[in-house]
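Order of writing sets the labels: A, B, C, D and E. Residues in every chain begin at 1.
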Amino acid sequence: MLPFIIKRILASIPVLLLSSALIFFIIQAAPGDFLTPLKLSPVDTSAQVAALTKQFGLDKPVWQQYFIWLGNMLTGNLGLSFAYQQPVADIAFPRILNSIWLVLLNLVLFYPIAIALGVYGAVRQYSFGDKLSSVILYFLLGFPSFFLALIVIFLVLQVRFATGWDIPLNGMYSDNHDSLSAFGKFWDYLSHMLLPALVLTLISLAGFTRVLRGLMLDQLNADYVRTARSKGLSHNRVIYKHALRNAILPFVAGIGGLLPGLISGAGFVEVVFAYPGITPMLLNAITTQDLYLIAGFNMVTLFLLLIGNALSDILLAVVDPRIKYA
Amino acid sequence: DFVYPQAWSADPAASAKTGGELRTYTLSDFKTLNPFVSKEAESLPNSYFNLGAYLFTQDPRNDKFIPVMAASMPTVSNNGKRFVVKIRQGMKFSDGQAITADDWVSTLAIHKDDKVGSNSYDSFFINKKPVTVKKLDTYTLQFDFPTVDVSAYSKMSYTPWPDHVFGKAYRSGGAAAVTKLWPLNTPGSNIVVPGAWTLESFQAGQRVVLKKNTRFGEWNKDSAGKALPYLDRLSFRVIENQNAALAAYLAGQIDTFGPRNADDLAQIKRAIDGGNLKAELFANVGPQATSTWVVWNWNKSGDPFKQKIFRDVRFRRAMSHIANRKAMVQLTLGGLGTEVYSSVYPIFKNYTYASTPKYSYDLDQARKLLAQMGFTKKDKDGWLVDAQGRRLEFTLNTNSGNTVREQQGRIFADEAKKVGVKINFNPIDFNNLVDLMYEKGENRKFDSILLGFSGGTNYWPYSSNTVTCGGSLHAYNNPTNGACLTSQEQLITKLFNQGQQTLDDTKRRAIGEQLSKAMAELQPFVYLAGSNYHVSFNSRLGGEMPRNLWDAYYGSRLNVLTYIK
Amino acid sequence: MTTVTSTQTEKTNHAQSQWQVAWKQFRRNRLAQWGALGLILLYLSALFAPFLAQDSLSSYSTDNLVPNHPPTPIHWRDPAGEVSGPFVYRYTQQLNLDTFVNEYKPSDEKCPVRFFAKGDPYKLFGIIPMDRHLFGTENAECKVYLMGGDNLGRDFFTRIMYASQISLTIGVAAVFISYIIGAIMGSLAAFFGGWVDNVIMRLVEVLASIPDLFLIILLVALFPPNVNPLVRLYIVLGMLAFINWGGVARTVRGQLLAEREKDHVMAASALGASNGRVMFRHMLPSMTTLFIVNLSIAIPASILTESGLSFLGIGAVEPYASWGSLLNKAQEGGFSSFTDRPWVLIPGFFIVFTVLCWQLVGDGLRDAFDPRKRR
Amino acid sequence: MTTGPLLNSGPQTVPVAASRQNLLEVNNLQKYFPIRGGLMSRVVANVKAVNDVTFTVGKGEVVGLIGESGSGKTTAGRALLRLIEPTGGQVIFDGTDITRLSKPQMRDYRRQMQIIFQDPFASLNPRMTVSDIIGEAMQIHKLHPGKQRVDRIAELLQRVGLRPEHMGRYPHEFSGGQRQRIGIARALAVDPSFIVADEPVSALDVSIQAQVVNLIQDLQEELGLTVLFIAHDLHVVEYICDRMIVMYLGRIMEIAPSRELNRNPKHPYTEALLSASPIPDPTIKRQRIILEGDIPSPINPPSGCVFRTRCRYAIADCANIVPELREVAPDHFKACIRDDIL
Amino acid sequence: MTQQHSGEVLLAVNNLKTYFNTDDGVVRSVDGVTFHIKKGETLAVVGESGSGKSVTSLTVMRLIPMPPGQIAGGEILFTGKDGVQKNLVNVSEAEMRKIRGNDISMIFQEPMTSLNPVYTVGDQIAEAVMLHQGKTRKEAMDVATDMLRFVGIPAPEKRVHEYPHQMSGGMRQRVMIAMALSCKPALLIADEPTTALDVTIQAQILDLMRNLQKEVGMSILFITHNLGVVAEMADRVVVMYGGRVVEEGDVIEIFKAPRHPYTMGLLNSIPRPSEEEHAHVPGQPKKRLEAIPGNVPNPLTLPPGCTFEPRCKFALPQCSQGVPALEDTGGGHMARCIRWREFEAASPDRAHAVQHIGPGGEVNA
């Protein structure tokens, strides 16, 4: 197993280099650089622009900049963000962590609901409930996330007005967070993340649920399910112990994709909820062309993708005994 | 020594309570704690750590500079180029060390080192010659300017940073040592500030809490002798989205909010009327120091026909006539905006003059002017053509994603269509746009651009890089050698320099009147409209300025005089 | 010779191709049929958008400013109670400086609503010049605001109709292009194998490793600045296609490799069929069902992506509009869009409805082509 | 008793059918499927699906190829048609070594060599009508152009016991037996002289099996076809085959005329195979030879004689010597070092 | 093979009807099937694909998916371990679950797919033991190990922790058998248990089943279409065609004196190497198999009368008039053919002799 994973990681190095280079050169090829907005200042800033251009190395040829950055990368240094003048890792990491919490909560909400609905849809195929749930899921799926998020905020605000409940609207915790007990802190985080996580869950529910339903249908027709029934097992045991376990396998293979999804997934919902995740920071970095921040973030995503893939291989091997590694 | 005047607060100093927390928000995360690194207009070190810590400040009652850290106004010599400033004694940094002349000297040295990359670098050079400071004794400074400069007081009013922190680092490790200081994870106890606020806690992307610098109160008192600031704490939520910020304000989670437009006002008003929010709301306090404009490119050697048109003052006046500013205010700014006709925004009342001509919305006038240029006939599609059948047509760019600009451009183009001018309006990527405009040369690519500037000072609302020939934002005419093309431009450059070097307000205002007229007649930029300034704050706040002093320049309250009722 | 002839007479009405079987299955699926009906209506209305709309794409008055005009009721009786033809009143606008809400009052002026009214000229299907619209008042100052107006006072229904042309086609077109690229790349990889396969698959991985949205934002900025807004849209479309072909290529490659092992493909080579013939007659056709099903699921996804791009200001720009960009304007308006002018949310429901319909149809197609259901 | 070399590397003596002229000679045919793995997808092992297989098929002869699942029958059948490229060995068809032919040259030979597949469901393209399926071969080889083609298709359909009306239908409208007939018609469309029938009846119902076996037998006799009939049921092939080849784990165990093989098996494996097939007569009681265990993996076949691990007569030498195929009776070959048994 | 049975009937299926409602119409998969199994006896069900063998057995287990399936009539009388006779058509689902795996077990055709790939074989065997015998997991695992040993799997202590994919087809089928026998059922239903296996492995499994039956003493309902296997395994045989039983009787009777044309056809269409006249002698023209012409009927369009009539060379016009009754031809031998007496008369024990009965005509013996 371990050699296998090491091999996998080694094999991904070209991809790693290629995609970082791709990002780097695209950003460079686009007009403007980090200093563009500074040029617009009505105060004369040309001397400063020149100085900063030199300081940031923006006057060097692109490939040189890339190799300088790559060199830093290899020593574990993702470079300095132009905007923050801080190591990329230092500023991006807390944001990534916040995103991870949010997406984790989303997953905690998402999987039980999706699995329940998917199983229901398969067991009661073509029933009224099956059809109704698919229509509702597709309806939710159609909402652009930013739109649904705004609707939710608006509704919550109205509820707040109507009831006076202190439902959090944005951010990650309340002002009095530090004075709370450990449990209070936990609840504070949870209550802040609940709404954005719920929005994420709602809009993404359809995809997984429908696929799971299809896989469940396949599994329910499988021979071993018939065997399980012939042993006298109860309906639920047959479905949840035998069929579901197999239907879930393809998703376990996809769990690796979740990790990078964890950090880049919450997307616009973070923006609209003013949640301190990575997306708002990254969108900002893209508009200001904060080169190293973008490239550094991309590297982090890639690393996570690699780790994630390795992880899903391990997991798959755990849940699916048929998988063997040479 | 300086005492915060009672006149700066609408509430009597005696009624002010000490303590409490002002909760506010920021739309973009604070990016640094280091005053020499920060690039943003609003940053923790340069807006809060330094609050109240400058030699001079402007008095909102009359815009005059008055001493704050200076013990008195300086002695001026050498034809207005040398200033000797006595500074107050007994001022202390937050760590208790005295603030002395050394702090100013080392701070300026660091700002002027281009390796540091300080944002203030440029302001300490006038025509590439540096402003210098000398320590005459522990409490006396001598500033020397290469020329007389209108902004001398402003330039001298930079914040002194502790020599025992930055100066020391600079001397031992140079620029690199300075920029490494105070990264975002610096604990509050390591931050040494001269101003009203110091760091309590910093959570990137989420919340920043500042606490009162108690040393500040030792040398800053209100008229009743109470130590300032009144507040114990100043907290910022990072809310990188306007709608989310509004929601937080409506929910009473933050105390202040800057309403952008009628929509925000309507929501706040609704919440107040519905009894859901206790807050004060003041709409249309005045214009903002901002405006949109359109500029045409005079350097199009590749297209002499267009170049000729763009260089023709009649054309630009005609364009000003087709700008339906009323419609723009009504439709794109929700009715709460101000029509702008000149590079001096209406907020700078001292520099707006009745004598400045306005070329206001008048399509007939526009037609007449264009006809004078030879555009009398229309082709089969209804577009104006000259005798050779050449169409009056150009591209107008703005940055995409900015709805107000996109729609103002739309209105501009649609009105032009009415007189037969074909404008291909095309919003493009912001960075692309800036590059187009910033380009120098005889044949620059763009036809015309719609954009906006903001900012400026109320004692001389012009800046060299837009007004003078060769300035980087002299966007209409920016040839490689930076030379003026017309005599009016030369005149404008000359008047600007005169004004810039005139310290006397009345004389400068007179120069301003000529400059304003010259600029308006030339119409290098056709100004369109700017939004208005609105104020809203939670009713639990007290200590705002008297209502008549409010404007977008000074705001509605002084931070240190604000208290919680 | 004595061959055993099958004596049983089979029913001859069974000659059904798999398309017919699929169609029969599809016909049984109620929801999918509703979805298909919805899509047909949507696409038809997009096709006839200039005719259905009463105005041209960007038509408003700068004399009588009517920002955010509310929907106008259509009256059938005049004040005296007499039945007349349909008409609307002209409204006047006033910004209430106390509440900051635009207030509209009907004036006395009646504007009769005509069918096949003369209005702004347009070209139907881009070729037939016309100036008749389904309905209208023939009076620019007094329109029928079926779904209210936007902040410039443009008829929102008109905007939505024109926007549907972009929203409905950009998704479809982007997906088609990405499928074509994907199919070609996937086939090349499967066919040549070796380093070609390696390079293509690495490329796919690279594309997959960068979050889609960021990649588009970055790529779009690359393109020439001074292009016409429509061309810009096509560029965005191309970018959308570009980021998506990877998945398609991977599927196609996998499917082709699996297909190559099938007996009937082997049978064709045994007959001496050329590689091309095997590819085009035996292998690629087996992917049509896969394509149809995946297309119907990818299209709504790219409609949503487009709306996300509009949220970032990368989608359609003035005067053009897509549902996403209209919705983004509503988003910028914040809560006032809910409280003061809820009609600006309508484009959102068009998106939701379109995605819903596509998904239902996709579901129906998936079931219809599902071999498990064929007997 | 042979004390041959440890590994048999030299060419085997080619067993030739007594009186007939050979249409097909297969010499030392090998097919290894590489198993790739590791960083650079190196070949880490080989599935030795067909290993040194040598036999001949005379003109007009029907030869059966039997063996358990995984013994390499299909692989051998496909490799000798070059539907999969053999790893080694020669296939001489009508005097030409077809393993040396280029792809275009090979295409001409495809007219003469055809294949019928085991799975009547997977071997017909579900998107083509019966006439397309049968007509495709004629189209490729430009046979029977124009109107003639339809007539020819109708004729073929009739010949395999279908009706011309079936031409426009799709495969899924037919029963398994009918589909297998379509598959046969497709093979016949190019007038081949040699057909590999890869378990054409294994997937069919008992009552239909006999129909198809009879059909193939009739066609073979009438058209003088040469057939390699692959099967796993000894009894079925006995009817139709002149000779039989028994394979185990990629190697040939025994070759003999059908009747001889059935009555007088010389190889322990054949013996076991025969005794394992149940006889449909409840009154007959037999002493069964039950083979222990399963067929080993072709990745790591046992050394020496591949069958030794399950052979009840195995001796120590069996692990060292790869037995040669030897003629032990007229026209009867076996690959076993022991002559003292059976 | 013919053992002395106690004669006590364990399972009696009377006029069972199982229909499927499909999009194209009602499929009468089982249309009035009647048979019984005595204690300790092996009953083989033979018949063509689609004749309803599996559906019959699944109906007994009540494992027919409903919908689309439906038990349209008849009764299944079964006497469980508790000695009480129940009609399985009517018992509650909960009660049925107690019977499944405990009183009646089943093994299936596809050993490769009939085991859940993600659980160890031990788990899968123990599952039923824990459920029906209330044993703890540990005890149940011990039972599982014993059962594996019982079915002849080497090193059962190790194998019990292995997954199905680690075993060959023959081993998996042994695991299936171990699982089925783990609760000592009274009746084992084996639905084509060896069809997917190689002959050598098939021989192993059949051998195993025969030995186990002797030890455990259960009854077996053995479904197959391989007449060789029937001849080896069965005490009695039920022949099905088109959802109905067409013939039933003692195994030797069925093979030596079939009374239904389908049974005869079936026997003739398989090769019988033991019989001299079948074998091919070199140099002489090859012998031919006798095939039943035509195709298996489409279950949706079954003929109105005798379902075999369209393929039957002895068919008379009245054959398509009505469904012939399943008549007792004596000694418990039943046949569903209106001409069975002619066949009996023509040939008391040899099916082949019947060939001279003319198609649709009289016996011209």
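The rule is short, and it goes like this: contacts are C-beta pairs under 8 Å (C-beta built on N, C-alpha and C of every residue); 3 or more make two chains touch, one makes a residue touch a chain.
None of these values were measured; they are calculated from a predicted model.
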(request) With one step meaning two chains touch, work out the least steps from chain B to chain D. (result) 2
(request) Determine which of the two chain pairs, C-D or A-B, is joined by the larger number of C-beta pairs in contact. (result) A-B
(request) Please flag the chain sitting at the greatest distance from chain B, going by CA centroids. (result) E
(message) Can you work out the whole-Å distance between the CA centroids of chain B and chain C?
(response) 44
(request) Find the geometric centre of each of chain B and chain E from their Cα atoms only, then give the gap between the two centres in Å, rounded to an integer. (result) 92
(message) Taking the mean of the CA coordinates per chain, how far is chain A from chain E in Å?
(response) 55
(message) Please output the residue numbers of chain B that touch at least 2 other chains, ranges allowed.
(response) 243, 247, 250, 429, 431-432, 435
(request) Please set out, as single numbers or ranges, the residues of chain C touching at least two other chains. (result) 4-6, 221, 225, 312, 331, 334-335
(request) Name the residues of chain D that each touch 2 or more other chains. (result) 178, 211, 214
(request) Enumerate the contact residues on chain D facing chain E in the complex. (result) 68-69, 175, 177-178, 205-211, 213-214, 217, 221, 232-236, 238-242, 257-259, 262, 272-273, 275-284, 288, 290-291, 294-295
(request) Note which residues of chain C are touching chain A in the complex, please. (result) 31, 202-203, 205-206, 209-211, 213-214, 217-219, 221-222, 225, 300, 304, 307-308, 311-312, 324, 327-328, 331, 334-335, 338, 348, 351-356, 359-360, 363, 366, 372
(request) Spell out the part of chain E that touches chain D in their complex, as residue ranges. (result) 1, 48-49, 168-171, 198-204, 206-207, 225-232, 234, 251-252, 255-256, 265-267, 269-274, 278-282, 286-293, 295-296
(request) Spell out the residues on chain A that touch chain E in their complex, using ranges where they run on. (result) 222-224, 226-234, 242, 245-246, 249, 319-322
(request) State the interface residues of chain A toward chain C in the complex, per the touch definition above. (result) 12, 14-15, 18-19, 22-23, 26-27, 29-31, 131, 134-135, 138-139, 141-147, 150-151, 154, 157, 206, 210, 214, 218, 221, 260, 264, 267-268, 282-283, 286, 294, 298, 301-302, 305
